[in-house]
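Two complexes, one shared chain (subunit A), two partners (subunit B, subunit C).
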Partner chain A sequence: MVETKPVDPSEKPDSKKAAKKEAKKAEKAAKKAEHKANNEQSQNIVEENDVSAGNYGNLPLIRSADSNLDRKFTYIKELNKSLAGQNVWVRARLHTVRARGKQCFIVLRQREFTVQVLVNVSETISKAMVKFSSNITKESIVDVEAKVVEVGAAVAGCSQQEVELLASQLWVVSASAPQLPLQIEDASRPEKGDDPEGLNIRVNQDTRLDNRILDLRTATNQAIFRLEAGVCRLFREVLTEKGFVEIHTPKIIPAASEGGANVFTVSYFKGSAYLAQSPQLYKQMAIAADFDKVFTIGAVFRAEDSNTHRHLTEFTGLDLEMAFNYHYHEVMLTIGDLFTAIFKGLRDQFQKEIEIVGQQYSVEPFTFLEPPLVLHFDEGRKILAEAGVEVGPEDDLSTPAEKLLGRLVKAKYDTDFYILDKYPLAVRPFYTMPDPHNPKTSNSYDMFMRGEEIISGAQRIHDPQLLTERAKHHGIDINKIAAYIDAFKYGCPPHAGGGIGLERVVMLYLGLDNIRKTSMFPRDPKRVTP
Partner chain B sequence: MNGPLKMYRTKQVVRHDFKVELPDCMYKLKNIHASRNGMVEQRTTDHISSPTKKLDIFDQNNQNIVEMAALEVRQEQILQQLADLKKQMDSIRNNLNIAQSGPVPTTIIKPSLGQPPQNLPDIIINASPTHPPYSLELIQKLWKNYVFLSVKSYIHSSLSALNNDAAQLTNILENFTPEAGVPKVNVRLIWKDVEANIELILSHTPIQGEVNILRYLSRMSSNNLNYETYPNLHEIDALLDVSYGIVKARTKTERASLLQTLNKSLGKCQWLAGRNEISVADLAAYSAIKQVTASSEVNVNLGKWLQRCAAC
Partner chain C sequence: MVETKPVDPSEKPDSKKAAKKEAKKAEKAAKKAEHKANNEQSQNIVEENDVSAGNYGNLPLIRSADSNLDRKFTYIKELNKSLAGQNVWVRARLHTVRARGKQCFIVLRQREFTVQVLVNVSETISKAMVKFSSNITKESIVDVEAKVVEVGAAVAGCSQQEVELLASQLWVVSASAPQLPLQIEDASRPEKGDDPEGLNIRVNQDTRLDNRILDLRTATNQAIFRLEAGVCRLFREVLTEKGFVEIHTPKIIPAASEGGANVFTVSYFKGSAYLAQSPQLYKQMAIAADFDKVFTIGAVFRAEDSNTHRHLTEFTGLDLEMAFNYHYHEVMLTIGDLFTAIFKGLRDQFQKEIEIVGQQYSVEPFTFLEPPLVLHFDEGRKILAEAGVEVGPEDDLSTPAEKLLGRLVKAKYDTDFYILDKYPLAVRPFYTMPDPHNPKTSNSYDMFMRGEEIISGAQRIHDPQLLTERAKHHGIDINKIAAYIDAFKYGCPPHAGGGIGLERVVMLYLGLDNIRKTSMFPRDPKRVTP
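Up next is the complex of A and B:
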């Protein structure tokens, strides 16, 4: 705007007056005045007023006053060729804005959907409106009235490629601060690593977590948490259908449920209490109380100081416990079927989300077999031995061995999910039922996704006498677990179960590399904010 | 070798023992003969050994006594192996003779059952429901008192549901009851979107194609499905390839000519390749025809043979 320079000094007092009301309006007024001056200077006066006045600006704070109640908004995802020629209202976030002479290109975003809006100087659109549009800060929420126009060439970089919007009104509903701690484009840039020409700007994990609200706006995060909700919903649906009852267990507990370490202590009036490490005891008590099949979804706390990609100090546990008749495989296969049903549900109902996540993080699609593959612990050892990794018959699998086994099983059976049955008794907790045929193994199982353990379960000992015996064998103080043992005193059906970490299932299903990506506000030893 | 036998002498025809004037415009090569026999030749210009030296086998034998002994041992071994092979051939021939005297083709299998294979491996078969491996059904039946193929089927996540044919085959395979006391092979049948490229996985490299899987299974066994010992081995192999062609054929006419080949091979006999007992070629062809052809493409002769296969 070179021509405006001469008139600037004379116009400044005017703009200052306006500035008292609101900075932005002042700017606008100044521009209006500049326009006037321009027109006077060039002797091309067509109109003295801004033709678009009243069609743009900052909307007053919406406090539910009764205005525009009958206005219908259209979702961006619904904008397509069939709406061409119609006028629509859209409320969305301003994703990017770019001014070019008498035109201003805006990209509006609603979750993963984006559309291009064109503000073009014309008989009804003033230059001032275009100027105003180009100065709206990124991530502001705007109301736009616009005509849907079909475009010749597909709009690159937008999800709605067939159409664009020609704006006639543009209002800012909620403005964003001009400085963003992270750019949404940077946060959603594909991390494929093999593209030397592409921009290499990344947002690191801590910056993302510090500004989680912005980070969560990316299409990928939207998809991840919608899928996580799906896992939870499917878990509930499948189990409810199988006759399970949802229960809610206390999170403040009087004594450590599993072992002594790894619990958070909280002050509880005059004494202290602990945060629940696992709802297991309460699940088992529900079984002893004749609930037959129960599940619970709730927070679980672990005070483990492990800073890895797969440990959190607070996570969502999907726990289930089930009474059976004669063999714990009834329960194991129920859990296996549950997983198959969840995987199928995700595959069929969340293709779009999986695809979006796949665009940012290149991951092989999750594969599984129906019914799930069940391998005996010894078979697993044999497969590992063939690959040169020896695991003793009474040893637990180390994490690298688990991962290797996952890869070998995947190569052989092409499944990312499998069950490893009959773990050695020595590596399981004291309440695990020993195998009747082999004193060294137990009726316990682990399930794996992409070579990482997601659930560890077993038949529990439901006989107080055997339980006491096993506890003594493990060197556990009987007095401390008296309440647990007492739960089985008045008769208890044989039962088995297990607990699943929701975040871990989502992380592994999508093949992400860090559990913090699948926890909305993750808690780990180094982070309790936001 | 057989002791100190000397060779007879002949009258010398060509004389070597005079000095040859070699042109000196060429470069010299080392005398390779001299070093090989362990003799150090003084006259390096002459590449022929001196006739004054004794060069019969007996001498050589004495010179390289260690290697010769080793060679002898090897020869003994080979002879022994040959003898064993001959014995095996004889026993197989006997088996076949007995078999040929059997009254009906289906009973032929029983007497010729060999030793069940040891250390049976677990087998994984990836098959597509659009091309169900019907031959497994027949093998299971033929081996019912030899080896029990214990089939457990899975559906891979690349498929959403099984079609009727595959579900039916799964049902038959999973519910098969073997005779008591037969050794068991665990077969994990994974229904997967692999189209016609059915795979058998033992270790890292898959065996591809149903025909090759049949070849593998037949070699794994030592009973009469093992066609290595057949006199018309090459014919069976050719027929297996025809079956492969039928599955892979794109047009009806292409298929028709292959079916014609099968028909010719069948002729008036009970089974393919003019045999009077079932062979892998029948299994492969049966499965291939059932997978891809419509009933109208099969003539009466082949139709009857298909029924015989199904009833075996």
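Up next is the complex of A and C:
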């Protein structure tokens, strides 16, 4: 590590020190030459007697020219009092910069972590260097060599409050264009209530999405997508532990999976194909092919012209399918337990991320019961009826009814997650197993988070004859689903499953108001960019 | 557990036993009635004095009628001498059945595990039950109650050789159609050399794929896809451990990602969109958005009319992208180490699966070095030149040259995996970072398994100006890639990455001859079904 403290000339150097000094001198000369070249290249004016020459400027584009540089960078989150007095190198974004006389205050940012850097005119820091520093554009990536200094009063507005950095070198690694289409501070401003600073500048959703690479740099977005990765990891870990096998199902399919509506058409060489609206047929084929318990995570496509807060035309499906012995509740409760495990994992492993999101958006913590609450569809109807909302025994729940039921269930049971079992047969797809005891209901379930559906599932009909009957009853052309029916011709265990929308789970877990906040590059009927 | 041993009438029952007997009688009567109903339903003829009545037949379709059945099933792989004398229930496929006089021999199958079941005419087993058993169609799913019996000589042709099962009950859970489009034995027959039994019946690839749910039931396919799931799991575990974040990138994109060739068009509401040929732009945007290290697993689409053993129109991409400090080798070696970890994980955790695949296909075990071998492109050219194959300094390697080089490298270094670094600039995409020391080469690499490319990667240009220059040099319309170039306008760290084809990795690791063997439902220019 290079010491920046100016060497006291009265100090008598020992030979080791002298050698070090020599080496340093040579290094500095080399750097000075490089610096000059760079600055000439970038057309900066270099003062002849700049004491800081060789300690700042625009680095040449990193093209992997040096293979043996072993400079160690310190992460901003690691900067604390224990490093006081030490010299560190930090590569980070320039979050803000402010010049004041002979000083320049910079805030460096790495994700949610920020630290203050001072560039002060001194014996070793020239005015030119301070000027250069104060002109670096926001969002540029810089390399800073600095001494860690403990501060008396906490540094306001930075995550690292006990220390600041006293810069000795400052190099621009990748410069940002000067005009930003959105300001990170604006995109990060709390959206709950009024801002105490009186700054109510917000960034609207489209501006955010049009400039997603900037928008994603906010602490909130960093937290959201780290948590989203956590949901996938927990989903897989829990199911792998239970003996599930991960599979990959085709997205290009020969026929529209559920009757032909809402499906995207793909031109496929000289013919046409479609984009899968769900991996269901393939999951079921895996069950018929003895994989017993399977899951798959992948893109799911819906050509639905729904411009709502919770619809996307492409989303990430967390799907599972499982053979059972006698009763589909074996599967339904496996899914219920899966959610409990995910909720616990998020609560325990993503506390920091949840807190960060909560600082920008006001969110009530997510509550759940263990084991999860299971309500019969008729019980749900009863709770709604008591609140004055009638739902017929063969009707589906409307979205407002679902939301109301969510609130009523929360008030009664204090849970944001519950399972609604035994939906009317009439409102479920043809492949849903009818209830053996009641011809009007079915072996199917939905699960809800904060009153919104996040998984729809059921026991599937595994008998080709009954499947054919039910398809006919639904007016479906048998020829078009022959391949599906044939999957059950050669023996198939009873099975059930469901599909979870990843972005919805994250949106609802965090209590966000729009699914576009939890899709990194969302697709809707009006947006296929960036 | 129900005892099947006939009760000795001379035995004096105590009250507990008597109660048990009563319960059993009632149970049996109920079953008899059910059995009769079932058989009437399925139009079987029931003999009036059938001693086995109630112990066999077709189960009614499992529609989750009983919620409280807690019968415990034993897995075939668990059946061994230690269970001798015990009664067990097994749910499995009827693999084969053979009647001989008053006996019926059944082989039950669960994935790669098989066990022999005897149904013998006796005091409690009627001729009718034996006849029923011998008529069950192959691939039907059955529930068998049986006593585990230790055998003197090993049971030939079964995985469980020390025991067989003496059936007391036998129920068909899900019957298979009698005519199978392919036989599991045929699909499982070793393809290396001649079969010692002289049976050279093989099942061709198209028959297999047309009837994939049957084909996937072979022990080999069960092993292949379990191992494939393992590759994904290892990939994620290694990268998550190193701080990578999983992301999801859109498959529907606004413009053809790499120039427009080989891309599928999707009709998108009133307009058109395309299917992503790679998640690269989005991975890079995640890097520009401060995610630092990212990976994504998802479908990748190539509208290439290539009908070869190693091309698919849709495959699973294991993609990663990583910011580095000074040199793209930081990333290249991370990927190299990732492969080492995957190879070690497969070797240690999937020994059984590798062995099963090896029984059907002759495969040399996969060899690798730790750390992996890295060759400079010029070294590769030299090795080829020594073998008489000249490759120009600015030429790409042809597929035959790659294969030859793979064999030469294997002979010289005893490794099936190696990295070829520093490809000619001319043969790489426009966004590849040119080598700073040699204008004809680039900071790019391919990696090979058994002489076939499985990942192509590089340092990407993270500077909008140089990127624009290079795109123009390649004759690319700058307007069409404006969004891509803009991703680097607001500061971006130097970064590199690559994309791995999952199916290729599994094919080459196992030494299989066709990528359709490692895609569960493969898609090629001629196949979009099932």
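We adopt the following convention: the second predicted complex is superposed on the first by the 476 of 530 C-alpha atoms of A that agree within 3 Å, B and C clash if a C-alpha of one lies under 4 Å from a C-alpha of the other, contacts with A are read in each partner's own complex, and residues count from 1 in each chain.
Note that a residue touches a chain if its C-beta (ideal position, glycine included) is under 8 Å from a C-beta of that chain, and two chains touch if they have at least 3 such contacts.
Nothing here was measured: the structure is a model prediction, and the numbers come from that model.
Participant: Applying the touch criterion given at the start, work out whether A:478 contacts subunit B, subunit C, both or neither, answering first, second, both or neither.
Facilitator: After superposition on chain A, A:478 lies in contact with neither partner.
Participant: On subunit A, which partner touches more residues: subunit B or subunit C?
Facilitator: After superposition, C is the partner touching more of subunit A.
Participant: Check whether A:53 is in contact with subunit B, with subunit C, with both or with neither, and answer first, second, both or neither.
Facilitator: So A:53 meets neither subunit B nor subunit C here.
Participant: With the two structures laid over each other on chain A, which partner does A:530 touch: subunit B (first), subunit C (second), both, or neither?
Facilitator: The second partner, subunit C, only.
Participant: A:111 contacts which: subunit B (first), subunit C (second), both, neither?
Facilitator: Only subunit C; A:111 stays clear of subunit B.
Participant: Examine A:371 and indicate which partner it touches, taking first as subunit B and second as subunit C; both and neither are also allowed.
Facilitator: first
Participant: By the touch definition at the top of the document, which applies to A:414: first (subunit B), second (subunit C), both, or neither?
Facilitator: Touch partner of A:414: subunit B, not subunit C.
Participant: Taking the touch rule as given, give the residues of subunit B at its contact with subunit A in the complex, in rising order.
Facilitator: Those residues of subunit B that touch subunit A are 124, 126, 154-158, 160, 188, 190, 192, 201, 204.
Participant: For the complex, give me every residue of subunit A touching subunit B.
Facilitator: Per the touch definition, subunit A meets subunit B at residues 343-344, 347-348, 365-371, 373, 411-415.
Participant: Can you tell me which positions in subunit C touch subunit A when the two form their complex?
Facilitator: 61-67, 69, 71, 73, 91, 93, 110-111, 139-141, 173-177, 180, 212-217, 221-222, 225-226, 228-229, 232-233, 236, 240, 245-254, 264-269, 273, 275, 282, 285-286, 288-291, 297-299, 301, 303, 305, 313-314, 316, 325-329, 433-437, 443, 459, 462-463, 466, 483, 487-494, 502, 519-521, 523, 525, 528-530
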